[in-house]
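Read through the structures below before going on.
You will see chain A twice below: alongside chain B first, and alongside chain C after that.
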Partner chain A sequence: MKNDAQYTNHSGKAAAFVQDEARTDWHDGALWFVRYKRDIQIKKVPEWETMRELASQIKANVLANLDKYLIQFEENALKNGVQVHWAKDAREHNEIVLNILKNKGVKKLVKSKSMLTEECHLNPFLIENGIEVVDTDLGERIVQLRDEAPSHIVLPAIHLKKEDVGATFHKYLGSEEGAKDPKYLTEVARGHLREKFLAADAALTGVNFAVAETGGITVCTNEGNADLGAHLAPVHIASMGMEKLIPRQSDLGLFLRLLARNATGQPITSFSSHFFKPNVGQELHFVIVDNGRSEQLGRADFRKSLYCIRCGACMNTCPVYRRSGGHSYGYTVPGPIGSILSPGVDLKKYSSLPFASTLCGSCSDVCPVKIDIHHQLYKWRQIIAQENELPLSKKISMKVTGFLFSHPSLYRFAGKTARTMLPLMPRFLVYNKLNAWGIHREVPVAPKQSFREWYIEQQKKGANKE
Partner chain B sequence: MKVGFFVPCYIDQFYPQVAVATLQLLEKLGCEVCYPLNQTCCGQPMANSGCEKDSIKTAGLFVENFKEFDYIVGPAPSCVGFVREHYDILEQTPDVVHVRTHIFDIAEFLIDILKIKKLDARFPHKVGLHTSCHGQRGMRMAQSSEINGPAFSKQKQLLEMVDGLELIDLDRTDECCGFGGTFSVFEEAVSAKMGRDRVADHERHGAEVITGGDTSCLMHLEGTIRRQNKNIKVIHLVEILNGTTLS
Partner chain C sequence: MTSKEYILQRVKQNKPEQTLLPDVPDFERLDVDWVEHFKETLVFVGGQAIELESDVEVNLRIQELFPDMKVIASDIPSVEVANFDLNGTTDPHLLKDIDLIVIRGEFGVAENAAVWVPASSLSHRVLPFITQHAVIVLDKSQLVWNMHQAYKRLDIDKANGFGVFISGPSKTADIEQSLVIGAHGSRSLVVFLVNK
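Then we have the complex of A and B:
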């Protein structure tokens, strides 16, 4: 067993999560409600499935020509007066950002949501270097105050109830004790964040889409926090994974419609902000980050994982995610999409994640860009086994099972033995720590005859009659 | 038409009544059915755990057992789907290709090949249909709720031919039951929780019986129900189609 903290043990963390069954039900219900809202919205669009197919093909085209689109994007951005930076990994990204901030003497940075900067662990790096970093997305601010990682890429604080938020704000922002009214709590956050926006000397945003033919980027938020930050501060840095490109401005409508409807069941996000050039007197920087994406692009079976537009719908729909929580995955992007991205980053560390699925396939059917997520989970499992990263118990039991099933008489003998023994065994011998099945479930009642035995008996009876 | 009868390992050993019902139903419908005696398993348990290599011999044995038949039919979308989708682990000889393209789940076979329009069965009970994920999203035997397209379900179509049967609606039409093969053991806590939730959905809507096409899901749900001492029966779809009664 891998209990070492450097490995993510999904099943262990999930078991701890499920232990509080009422809270698990609440978490499951909250996310299912988002899935339900999504279903209503997508069913209002008759061309939905055509849109998915089209978006999937556009992303295939982008990845097949990524080098050309990236150069085109950079050329156009430079023409617009944007400063463009290339980062091969997280460390380079963080240093680029720090250098920009240092050059401008920045002490206070406000950020809108960016999973990429979570992936690069930018916040702790900047804080170590003396920069005040404030996440301005409400959910992200809540988890930042609590010193937690987001548990969902679209709904970072979905693991918390309003009572938890009230307690957090009371502790860090001095709000009333025991407050749980969402409107009051939002007002508290709003007041707190306004001060931060006004005091900031730089803003960092993520990027939802980067358009190659214009050199512009689009940032989607529901709170307007990206705009507030980017328009008030003299420096705007936008960090983007290099797969965020789309070829044409005319492709953007398709992706914006897919993203909002699929992510939260909204026809469109409240704010879709388009940044093309720096405001007068402002600097605008784009940081384009690889951080393992080239490697993933080189893996034919897993290339499609880079189509992802980060809508989070695979998390909302995943019956395992809903009942284990985002933190059980131990990776920046949790849930099904995270479970096919993370093994490419560190196979050993994340070897339990492709197994945190029943392979039900709901993630693949909900995906707005048709990533075959559950097939990729299956394929990662094969690689993990080949690379010897399976728990020993699983490895041995699969070898034995494989041997049994390729030797018919042995299989029959084992089956008969089990069926004969089970009814004779006292309960404590069947139901104990060694039988994970039996912790919450009964084992099947063993019949006297297998089907094969019955079939042979019938054939004999038939032959005797003749 | 020579039909090779595929009985998945756990049905053979623990749920023989499902196989008996399938055999009887096929024979009633005029099929010439043969059960190859040397069959074991399709190989899915090992492959889903990452050990495709440990499945190769089992898969080879499967093809040997079934290559001679016009059709291969089994009461298990999950296993049938595995043969169709994952027997690319074998060299694609004409025999392997034949088996992969001529294997059907019983519900598909009744609707798509035999094209039956009526059944001689009566089951006057409130029934919840648990659609297995592999049958639905793998084999496309029913529309999945994520997709914006016309609703259909081959299993539902068959149940509608049963006299007196009342199909109940569920809050979550196609939520996974949580079995997931070795997931049920290695992720025991979440698996069991999913099972309890699936049973509760049926219970809320007054199901007397939960039915479905995949015995693996049903085994999981039945194990959950028995542990909870609930008064819901679990019966495979094909048993209902073959005219079983609640005893």
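Then we have the complex of A and C:
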């Protein structure tokens, strides 16, 4: 049996998520509304499709010259007085961060949103080593207090209702019992986190874009939390996946116009902060992380997944994500983009994720950098089948279907039998555990004849008329 | 081999074939009234823009709009309502009780209501974030249409190591997607568009 700790069973976890029907409907609707807001914003930009194409071309150029741009970025950052570190993998990233903190005697760290540090499991590592780590993005703070992972890369607490947040804040922050007004709860978090910002010895932020030409980084937030941390603390560490590079300062114009519009339907985030040099008396560190990215770069069919600018639009539009929740994926980045990134990290563990899709292609349609997400999902499925990682039920049904499809007369016989037998069969024979398709739906009424039979009949009729 | 050498070697081995880096046009729009668009968009993102005839009006309007603000700080010398000594304060943590700041924006972006504020025009980098409320004074003639034009005129060598585009007040929708203005940073943002 595949054990859950080692394998992510998407459909199993999704089945648990949809138990609460009202909540599932709310989740579905809330995310679709974000998609709707995005559509309104992008329609205001006549050159939107041209921008997507240009962004895709720039990202292609970044991958083709990644070594060159990395060197250029480091050179310029060093000239700016920034300390640059390179990490092969998550372990090395975490060690680098811990060393910086230890050298400065840091006890309290505030963090802004960084999916990379989630990917590296930095928080538990630092906490084990005696550092207080506080996530300061409101959604991330909520899930941190609940000891959960973010369920969405842009909306970390989208799986929770305001009552859940109220209960969490009552338990950990002493807010009024039963409070559920978002304004009140946000105010409670504001007061709590202001204290943390003022007391922090170091701040860690993510990076939205790193510019090779200037050696600077750009960090986008609506809350202003990255800046409150970074400008108050004497040490600022910015961790970045190495695919965050863009060649030129001017390219930011394109990517900032795309990012927030596509993510949440905003013209731009409230704050787009550009860090070039450390503040007087401050240390600024950039940690450049590989952690499997150079390997993904070598996979011709899948390297375009590295174009991703983490807007989350593919999640908001995905009919499977919206109805299964981010936690059902069991990977740091959930949804369609996560389902093409994760098999590259661990094919066995994440073998169910490329199947968590209808292949409808909506993810590829909304992607601001034109990643062919649904094609990659399809390609991963084939690799997973070749590597013999399909679950038994799928393996058998695929074999049977494959056999039938390659034997036309047998296929016709099976079809005829089904058409005759289905209406006659007792209900328990059709609707049982073996027929997954019958669990939530009625099998359509079987037609009297197949298309082939109908077609032959029509041909004969036509011939008779002539 | 260092990690840097290892990573660069792997990237070199695995990177795809060369492709051209495209030129990105400006996409400038002249069929839109930039000032009106800036004002409308700022309202959409939770802020407010007010047109002023001259810098002289700034003091009066601040008193009108913010009669209850106790601690007011400004990096603009002509703002007489300011009562906090920013230049005499070295530790940025001491800015925590500021109610209102009045700062100068270098230029604005009509399309998304963002205003460029470089560190060179701030006494403290944290100022626009730690304050409870913010006023940005912007010369109305200093508008560009979009971010492409914005980056053309943005001079990072003059920014003094940091700069931020500010579009509206601090906000969040992390609880049930309900928009709340004033997450961690400024609870309100007013941009004075001044006719010079």
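Assorted remarks:
The working rule: the second predicted complex is superposed on the first by the 446 of 466 C-alpha atoms of A that agree within 3 Å, B and C clash if a C-alpha of one lies under 4 Å from a C-alpha of the other, contacts with A are read in each partner's own complex, and residues count from 1 in each chain.
Just so it is clear, a contact is a pair of C-beta atoms (placed from the backbone, for glycine too) under 8 Å apart; a residue touches a chain by one contact, two chains touch by 3 or more.
The structure presented is a predicted model; accordingly, all values stated were derived computationally and were not measured.
Shared-chain residue A:K461: touches no atom of chain B or chain C.
Within the superposed three-chain model, A:I384 lies in touch with chain B and out of touch with chain C [touch as defined at top]. After overlaying the two complexes on the shared chain, residue contacts for A:K107 are found with neither chain B nor chain C. In the superposition on chain A, contact of A:R452 is made with chain B only, not with chain C. In the superposition on chain A, no contact is made by A:K171 with either chain B or chain C.
Of the two partner chains, chain B is the only one touched by A:G402; chain C is not. Taken in their complex, chain A has these residues touching chain C: 30, 33-34, 47, 51, 54, 57-58, 60-61, 63-67, 70-71, 74, 80, 86-88, 92, 136-139, 142, 155-158, 160-162, 165, 182-183, 185-187, 189-190, 193-194, 197-198, 214, 216, 222-225, 227-228, 231-232, 242, 247, 249-254, 256-257, 264, 266-279, 288, 290, 294-295, 297-298, 300, 303.
Those residues of chain C whose C-beta lies close enough to touch chain A in the complex are 2-4, 6-8, 10-22, 24-25, 27, 41, 44-45, 92-93, 96, 109, 111-114, 119, 124-126, 128-130, 146-152, 154, 156, 159-178, 180, 182-186. Per the touch definition, chain A reaches chain B in the complex via residues 10-11, 14-15, 18-19, 21, 24-25, 28, 32, 39, 42-43, 45-46, 48-49, 317, 319-320, 323-324, 354-362, 364-366, 378, 381-386, 390-391, 394-395, 398-399, 401-408, 411, 415, 418-419, 436-437, 439-447, 449-452, 454-456.
Contact residues on chain B toward chain A in their complex (touch as defined above): 7, 9, 11-17, 19-20, 23, 35, 37-41, 43, 45-55, 57-58, 60-61, 133-134, 136-138, 144-149, 172, 174-176, 178-197, 219-220, 222-224, 226-227.
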